[in-house]
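Same chain, two partners: chain A is paired with chain B first, then with chain C.
Then we have the complex of A and B:
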């Protein structure tokens, strides 16, 4: 009898221990933290580690090469070009998307039936995958059967090759990305605009500000934090552009639209399967993204202070 | 805003009232025209895709292109299953995106709950740990993740696809903000009633969090359903591909047969579109949440 009692007691005290919030919290968090640790943080450190090795996908002839991979990067024209293409895409896509999204949000901020319908429609491309968008746009822009070349032709313009034209391919991809994603920016900015207190507009009106002035002197300063957030997330997202290029041009023509992530992917996961070198390119891209986002963040918070 | 402007102007300048109304009407018409044009730009590609997927190949490849064809057919939707292993892709996508969604809802809300409503040692540290992982782009750690999965023999398995995505920092953040907003005395009263921590969480807190759970559900579902690079890295055989990865590999830059590919594209986006029609506000909520700053 006594033995059973102690085991029950043990069970009970065990349960009591883990039922205290200060202990239970660890049980609640354990699965998430373990997953994040094993499938994100450790691999992240792994990327830096792999950068110093010559290692291929079959794990044959692995050897430590020090900084060789990084030195090789600066002599690898295709790698450097892929970085430039990525920056070029980001410069095209991010400002356009933020501006289009913000204007759409400002224009549709009042809740009327027409505005609500427009908002729902503008969000539809967001739930469509970049793969599907890519398929649709490769057909719409196809010089032989596409609608867009046809419409341009009707207006007396020449019909360019879009995805197959080295100078037009990247802008075409950027426009397609804006088409697909501006609904996200619109949604975020809409929330910010609708949170602005009406009294601010009322007092601006009493000061005789017209609508344009109201937009620049009341709306914009109030939505700067959200605007900054949209610029940041877009910037970080654009620097990792992959899907839309993979589907539409696959980096062509002649690697003219190859992005950094795409180069990492093709270097590591197709011949010559150099995971070590690909990791060093990934490390470099990560550093660029980190520097960009930190400086953008500092600039935005500086602007924010200035505006207030 | 327009209504307010109108009333002030009326007071100040009633003489020009009709003139003012006319300019307002013109402005509103211009606004509607511009917006309708934008709606057309957004909708046309989808409508054209849907219509063309029911056309015969010869009606798709015409110049000048036509919106409507003389005859329509289901042929593409029949052919697509033979030309592309679409059924497998659909199944893989449903299993991967569906299971990931369910598991991450459970894990994210558990962690979010602990971070929001429990006091424990290292809470701030754990919070920052989660926030930092939110900023790590996938491409930075994809190569070692591939090696890890390879060593554990989890490449080309559902387990391998699901586990790394079974929790997200964003989901934890979202659930945490949700639980922070619930009244304090709820769990205290339940604790006095003798409910244990797990029961407080499942019986009291979770039922109150349904809207946020819904928003997070559609958010993770969409992300995983549409993701391309992730399944491309963690699957190597064609039979394990998800819809985006499979379709991307089948089309590439050289589309040789348009009809079936278009049918495949329609099938790949249809499920999310149907969910969107019924649960639109949750989709929008997820996006809006991502823009929230602490």
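Then we have the complex of A and C:
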């Protein structure tokens, strides 16, 4: 009888312990922590560890080389170029997407049937796979079989080599990415704009502010936190650009659209399978993204405080 | 202990990084190695995604039905790109298939990393006649004196021409160019037909064409010890200048086009002359293109130079001895006259078994016998060199792109030569 009591008591105290909010919180966090640990933290630490070794994908002839891989990066023109291409893509894509998404959100903020329909249409590319979108754009812009070059040709214009001309290739990829992703930015900004109190617009109107002035002096200051979030997520996503380049130009012409992630992939997962060196470039990219993200975050927080 | 930790970290990082690409490929990388009853199931990866894949599927199906060794081949066909990305990761993660069909150019790097089994004892199996294999084909699978691969297919690059466009351009449709100079003359005439018609296409990833051109002109990639680059030469410059003049200056074909895009042009009937492997035949036939095929053009009339390439069967070291026996059963079946003949005739491939070459149906097939003629004098290009696939991907293909884009050929050559030296020295 006493044994049963002890067992019931143990169970009760176990549930009581985990029922306390400060302990239960850990239970709720556990799934996310486990996922983050296995899919982010461990691979990240693994990548950092590998970057100090001369190691191939077959793990044969492994040698500790210290910082040699990082030194090699600064002498590898293709690697440095791939970083510049990534920054160039980010500078093209991030502001364009945030601006287009914000303008679309402002234009479609009123809940009418047409606006609701337009929001759905603009969101459709988001649910398409990036690879599929890349293939569609490759075909649309192909100088031989593409519909867009054909139309331009009919109007007497020369046929642009969108993905084959070094100067046009990266802007073409950026435009495709904006088309594919601006629906996400639009939705976030839409939520932010709809949360603005109508009384602010009424006061602005009474003060004689026109629509443009209302947008810049009421809407923008109110959506700064959401704007900051969009800039940050787009920035990080753009710095990791891979799929659309892989499908459309494969880094060409002459590696002029090769992104950092693509270079890392080709070094690590195709001949010469230099996993150690690829890891060191990945580590450098990680540091760059971290610095950019923290700087952007600090700037947006500062701006937010200023606006208030 | 330290090495073990590195391995574990490496495996986790490699698998995590490869996870997305493997998932995207959507194929099961798990090695199905279970034996149910007496049946041994062996998994087989290859890259025959075209119509040749359909023939291969039929052969495997027939083998699974008829073989008396209780072997079942479970095949996974993917693009060669996917194959080359998945296989190293699968080997490292100990999820490799039981056997593969692999391009000869890629084999040496696997062998040098100790990931492939020696297969020399295959030729000692009862029912295998070693002397029936052409020695050049057999030697394609020999690396450092040991046999690692058994022939599955041999091939070269051949000259294709569109007879309809030849007629339109006032050329004799039954007289294809025999030399690179004649090719340039004919291609120029065809490109003047207009309406998006191209005379000749040189893909930016056309290393196989480039290697043939370099070899024809007497240029070499490496010195005889294969430890230093020998690319920096007048013969290389001549080859680069020839291509630049043809594509960039004379404009007989597109400047920036991939192999797949060039194939499409030929299949659409808007390309006059093209150089490609035997796999183009099926598409051309399907699209009802009036075309011809001939041995590769030469630097001089009467020369006989060409590169021999192909696909071979290989077994990763993770495969057990029992399964190796089962694989030998299938490879033996593949190398019978019946299957060799079927593969050659249906895919328009040159045979490498003497008994197949002597068959009257093979001799009567014009396309196959033309290809067979070239196989007779073709030689492998730097066989067994583990750096070849790296040099092709990271040095030669980018150089082709630069040459076609109009960059200075001397500086492209010098830079490529430096890169080859750096690759060979292991930096």
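Simple rule for what comes next: the second predicted complex is superposed on the first by the 269 of 308 C-alpha atoms of A that agree within 3 Å, B and C clash if a C-alpha of one lies under 4 Å from a C-alpha of the other, contacts with A are read in each partner's own complex, and residues count from 1 in each chain.
We take it that a contact is a pair of C-beta atoms (placed from the backbone, for glycine too) under 8 Å apart; a residue touches a chain by one contact, two chains touch by 3 or more.
For clarity, every value in this text was computed on a predicted model and none was experimentally measured.
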| Per the overlay, which chain contacts more chain A residues, chain B or chain C? | B
| First (chain B), second (chain C), both or neither: which does A:141 touch? | neither
| query | Just chain B (first), just chain C (second), both, or neither: which does A:58 touch? | reply | second
| said: In the overlaid three-chain picture, which partner chain does A:279 touch, first (chain B) or second (chain C), both, or neither? | reply: both
| message | Quick check for you: in the superposed arrangement, does A:118 touch first (chain B), second (chain C), both or neither? | response | first
| request: Based on the superposed arrangement, let me know which partner A:270 touches: chain B (first), chain C (second), both, or neither? | output: second
| field | Touching partner for A:92 - first (chain B), second (chain C), both, neither | value | neither
| query | Can A:289 be said to touch chain B (first), chain C (second), both, or neither? | reply | first
| message | So in the superposed three-chain picture, is A:187 touching just chain B, just chain C, both, or none of them (first/second/both/neither)? | response | first
| said: Between chain B and chain C, whom does A:39 touch in the aligned arrangement: first, second, both, or neither? | reply: both
| So which positions on chain A get touched by both chain B and chain C? | 39, 42-43, 46-47, 49-50, 131, 144, 250, 252, 265, 268-269, 275, 279
| field | Partner chain A, residues of chain B touching it in the complex | value | 1-2, 4-5, 8, 31-32, 35, 38-39, 41-46, 48-49, 52, 60-65, 107-108, 110-111, 113-115, 117-121, 123, 126, 129-130, 133, 135-148, 163-164, 166-167, 169, 172, 196-198, 201, 222, 225-226, 228-229, 232-233, 243-245, 247-248, 251-253, 255, 258, 261-262, 265, 268-269, 272-273, 276, 280, 283-284, 287-288, 290-291, 293
| Which of the residues in chain A end up touching chain B in this complex? | 15, 19, 21-26, 28-29, 31-33, 35-36, 38-44, 46-47, 49-50, 104, 107-110, 114, 118-140, 144-147, 150, 163, 179, 183-184, 187-192, 201-202, 205, 211, 214, 225-226, 229-230, 233, 236, 240, 242-243, 246-250, 252, 261, 264-265, 268-269, 275, 278-279, 282-283, 285-286, 289, 293
| task | Please give the residue numbers of chain C that touch chain A in the complex, ascending. | result | 3, 6-7, 9-14, 16-18, 21, 24, 84-85, 88-89, 91-92, 106, 109, 113-115, 196, 204, 254-258, 261, 265, 387, 389-390, 393-394, 398, 401-402, 405, 423
| remark: Counting only contacts in the complex, chain A reaches chain C at residues 39, 42-43, 45-47, 49-50, 53, 55-60, 62, 131, 144, 161, 164-165, 250, 252-255, 265-266, 268-273, 275, 279
